[in-house]
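These are the structures in question, set out in turn.
In what comes next, chain A is part of two complexes: it sits with chain B in the first one and with chain C in the second one.
Up next, the complex of A and B:
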């Protein structure tokens, strides 16, 4: 049943997302050529100010398009969740022979997938700019090879300096980002669920208010703890580990890096559990 | 004695503290009956149906469907028609048929398509392009095309034209499984009366004012259910 739910959730966003993606990619290509032209001709007095001004405006539109592609995806993810669970559509959703855990999990995985896809789309758009816009020299190669060279060099240097450590820290970073994303989605879902459970009117307004209130409270606590673990304790560790072997120092650094990851994992779990409790035990459709 | 299709014990639900919509409601429904759940506005008919299919969480009490406590598993036995349009409006009727086919193993696609064709509904249409009455017909067709054990129909004919009403009532009688039970909540007692085997007049607080076999009660009182309803729930100025 989970696969069927997931398929329908995916289809809902997929039917418009490809249009967003194509628009953003197309805009990036056009924008990169405009930027290339602008860089080459900015100081050229033969090109009128009006053309330069139009080119700059066009670039602003391209930037807005790329950002909008991400924001619109997020809006659709939350609209789908709200409509499917808390409006009249809930009458179909909650009478399906499917557990509420599966219903929520399908929405979570779907949101995670499309958010990652949106990040990758934004990255691709930036990459298009990086590759096509800077001319190596006027009349030089169409695709700038410097970008590839710089990325390759950065990876080689990092690998030489850190070796296995690079992989460990990359995995920890990836895990932290993953938990952070799950927390962010779960918190959004929780606030919508709570807003819809306790309010009769202005449910969305309440959900937005709750989201900001909880986010601010959590980020204050998180920043305090992160400062404690990432700044104060490592300073103390430097003194404590003075003269210790490289392996001991490395292990201590891994532990300190893992702490924010564990904090995000705990927050993600708490937000997801709260949403699940709200939907399984408290939800009463009007 | 065979297991009742639906059993409720001590069922309580209130939206506001101190004003229960249902207060310790007890009843059992056997298979093979069409039961009318009749009562004035706000007496808890829709609330009762929502509790049975899990849209609302009861404050207290037990609900069992085909001998099993209410859960997502018992949703597979229940075919529920709410009193509102509840399908996603961007879906086509064809897509809704596929949706039902995928999630409900007891869904009869051939029957659904036949009923839609009888009612002259184009299955390629998007739901948002259909009128309110046609949407309600689509909902009813999909709900009745299931081979469920318990049908919960909340105001099934309120929004449709009189010609379609006759077809829908015939559909209900002809299509339900003899091992199933059909519960119909409505105000349109006169229209629905010939269809009913049993009935219950539900008063405020979920109190059962009068219930039994429709034929027996009619013979005993010498009045139709519609007339009896007006008598029992008469508003005194």
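Up next, the complex of A and C:
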């Protein structure tokens, strides 16, 4: 049954997402050529200011389109969740012969999938800019690989300095980002569920208010922790590991990178559990 | 519905007004003429100051203007000065430093390049500096005993250049140097040398030729060594153009590493906090009113790994 739920949740977003994706990709193509023109002619006094101004405005519109593709996806994810669970449709949803666990998990996996897809879409748009924006060199090919050369050089330098460590740090970073995303989605779901449980009117307003209040409180703590992880802790490691072997230093660095991952995992599980509690025990559709 | 529309319109209008106010700034707009001779700062005219003297930027205070100059050479150049209200500004291009001065305000520069109103500093090869008074500078060059030396050999000895600085402490040029040879200090007055001793940028060249060094009076040895020991790195104060001239490079307060603070942070975030999260997760998992325990136990497990990693890290640091 989970599969069916997931299929319908996916379909709901896929119905319009491809339009968003095509618009963002198309805008990126056009934007990258406009940027290429602008880079080549910015100091050219033969090109009028009006054309340059229009080109800059067009780039702003492209940027807004790409950002909007991401934001609209998020809005639809939460709208789907809210409508399916907390409006009149919710009566029907909760009469289905499916556990609430599956209902929530389906929404969760769906949100995770489309959020990752949105990130990949944004990355693809940036990639299009990186490929087509740099003007060609005199006598060189149409596509100037300067951005990729710089990225490649940076990776080579990082590989030389960190070696296999680079992969370990990349995996830890990816895990932290995954938990961070689960936490973020769960928090959104939790706030909608709580807002709908507490309030009889203005449920969405309350949910948004709760989301901002909790997000701000958590981000204050997170920022403080991040400050610690880039100031006091590296200083402490430098002092206490002075003279230690390279392997010990590397191991300590891996641990220091893994701890935020665990923190994020705890936060993500807590947010998900709280949402489930709300959906299973506190839901009041009356 | 109408009311909502009005409200939304008002908010949008307010946002537009606020957005427009961002552009309504009073930063100076710089424009360089095509021939590079005139620099316009809104309505103020700066004329290019020409000098055959070689010099370089050695500023104690730099006021960076926000807007750039669109240089005819096809690039953007920063406009700098010693203050927002100034007599001259400077930009740099391929030819080096270019000074633009307000009409009738070139007195400071005239006094500087003629050597009439200058202050002196000793600068070592690491760009550390210390002030020198003019009597001391004159005394250093006033010796009578000379030593003819090949400049290619001179480059190997410790060298302390003596530079002249303008009244506003923006520019400098070298007037001579003190060399520490095995038998004492020798000075060389660049002002007495011919053109063949300088490179194309006007700096003393060690490529070829010979010079007459002047032996510094032994009575000045203590003064020179005192100056050398007081050499310190220059602390240029940068300011950025804004209403309040906000500092962009404030000296960082180095409060040093505190072992006590580091331990406190490690204990709190490595032991106390994960323990608290573990207990919270376990309590929630066992509370029958609060949903399924599975995910609350996951919280406990994640906090447990966090605690374990912290303990391993503590062992590594001991």
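What we mean here is this: the second predicted complex is superposed on the first by the 274 of 286 C-alpha atoms of A that agree within 3 Å, B and C clash if a C-alpha of one lies under 4 Å from a C-alpha of the other, contacts with A are read in each partner's own complex, and residues count from 1 in each chain.
As a working rule, a residue touches a chain if its C-beta (ideal position, glycine included) is under 8 Å from a C-beta of that chain, and two chains touch if they have at least 3 such contacts.
None of the values given here were measured: they were computed from a predicted structure.
*Asks:* Specify the outcome, clash or fit, for chain B and chain C once both structures are aligned onto chain A.
*Replies:* After superposition on chain A, which the two structures share, chain B sits beside chain C with no clash.
*Asks:* May I ask you to decide whether A:281 touches chain B, chain C, both, or neither, giving the answer as first, second, both or neither?
*Replies:* both
*Asks:* Quick check on the superposed pair: does A:266 touch chain B, chain C, both, or neither? Answer first, second, both or neither.
*Replies:* In the superposition, A:266 contacts chain C only.
*Asks:* Look at A:98 in the shared chain and tell me whether it touches chain B only, chain C only, both, or neither; answer first, second, both or neither.
*Replies:* first
*Asks:* Decide which partner touches more residues of chain A, taking chain B and chain C as the two options.
*Replies:* C
*Asks:* Tell me which partner A:258 touches in the superposition: chain B (first), chain C (second), both or neither.
*Replies:* In the superposition, A:258 contacts chain C only.
*Asks:* Touching A:90 in the superposition: chain B (first), chain C (second), both, neither?
*Replies:* Only chain B is touched by A:90; chain C is not.
*Asks:* In the overlay, answer first, second, both or neither for which of chain B and chain C A:1 touches.
*Replies:* first
*Asks:* Could you tell me if A:149 is touching chain B, chain C, both of them or neither one (first, second, both, neither)?
*Replies:* Once the two structures are laid over each other on A, A:149 reaches no partner at all.
*Asks:* Give, as a whole number of angstrom, the minimum Cα separation of chain B and chain C in the superposed three-chain arrangement.
*Replies:* Checking C-alpha atoms only, chain B sits 13 Å from chain C at its nearest point.
*Asks:* Which parts of chain A are touched by chain B and by chain C alike?
*Replies:* On chain A, the overlap between the chain B and chain C contacts is residues 281.
*Asks:* So in the complex, which bits of chain A are touching chain B?
*Replies:* The touching residues are 1, 4, 8, 83, 88-92, 94-100, 281-285.
*Asks:* For the complex, give me every residue of chain C touching chain A.
*Replies:* Touch residues, chain C against chain A: 70, 74-75, 257, 259, 261-262, 265-266, 269-270, 274, 277, 280-281, 284, 289-292, 295-296, 298-299, 302-303, 305-306, 309-310, 312-313, 316-317.
*Asks:* Using the touch rule from the top, collect the residues of chain A that touch chain C in their complex.
*Replies:* Of all residues in chain A, those touching chain C are 43, 101, 225, 228, 232-233, 235-237, 239-241, 244, 248, 251-252, 255-256, 258-259, 262-263, 265-266, 269-270, 272-273, 276-277, 280-281.
*Asks:* In their shared complex, at which residues does chain B touch chain A?
*Replies:* Checking each residue of chain B against chain A gives 50, 53-57, 72-73, 75-76, 78, 80, 82, 84-88, 99, 102-104.
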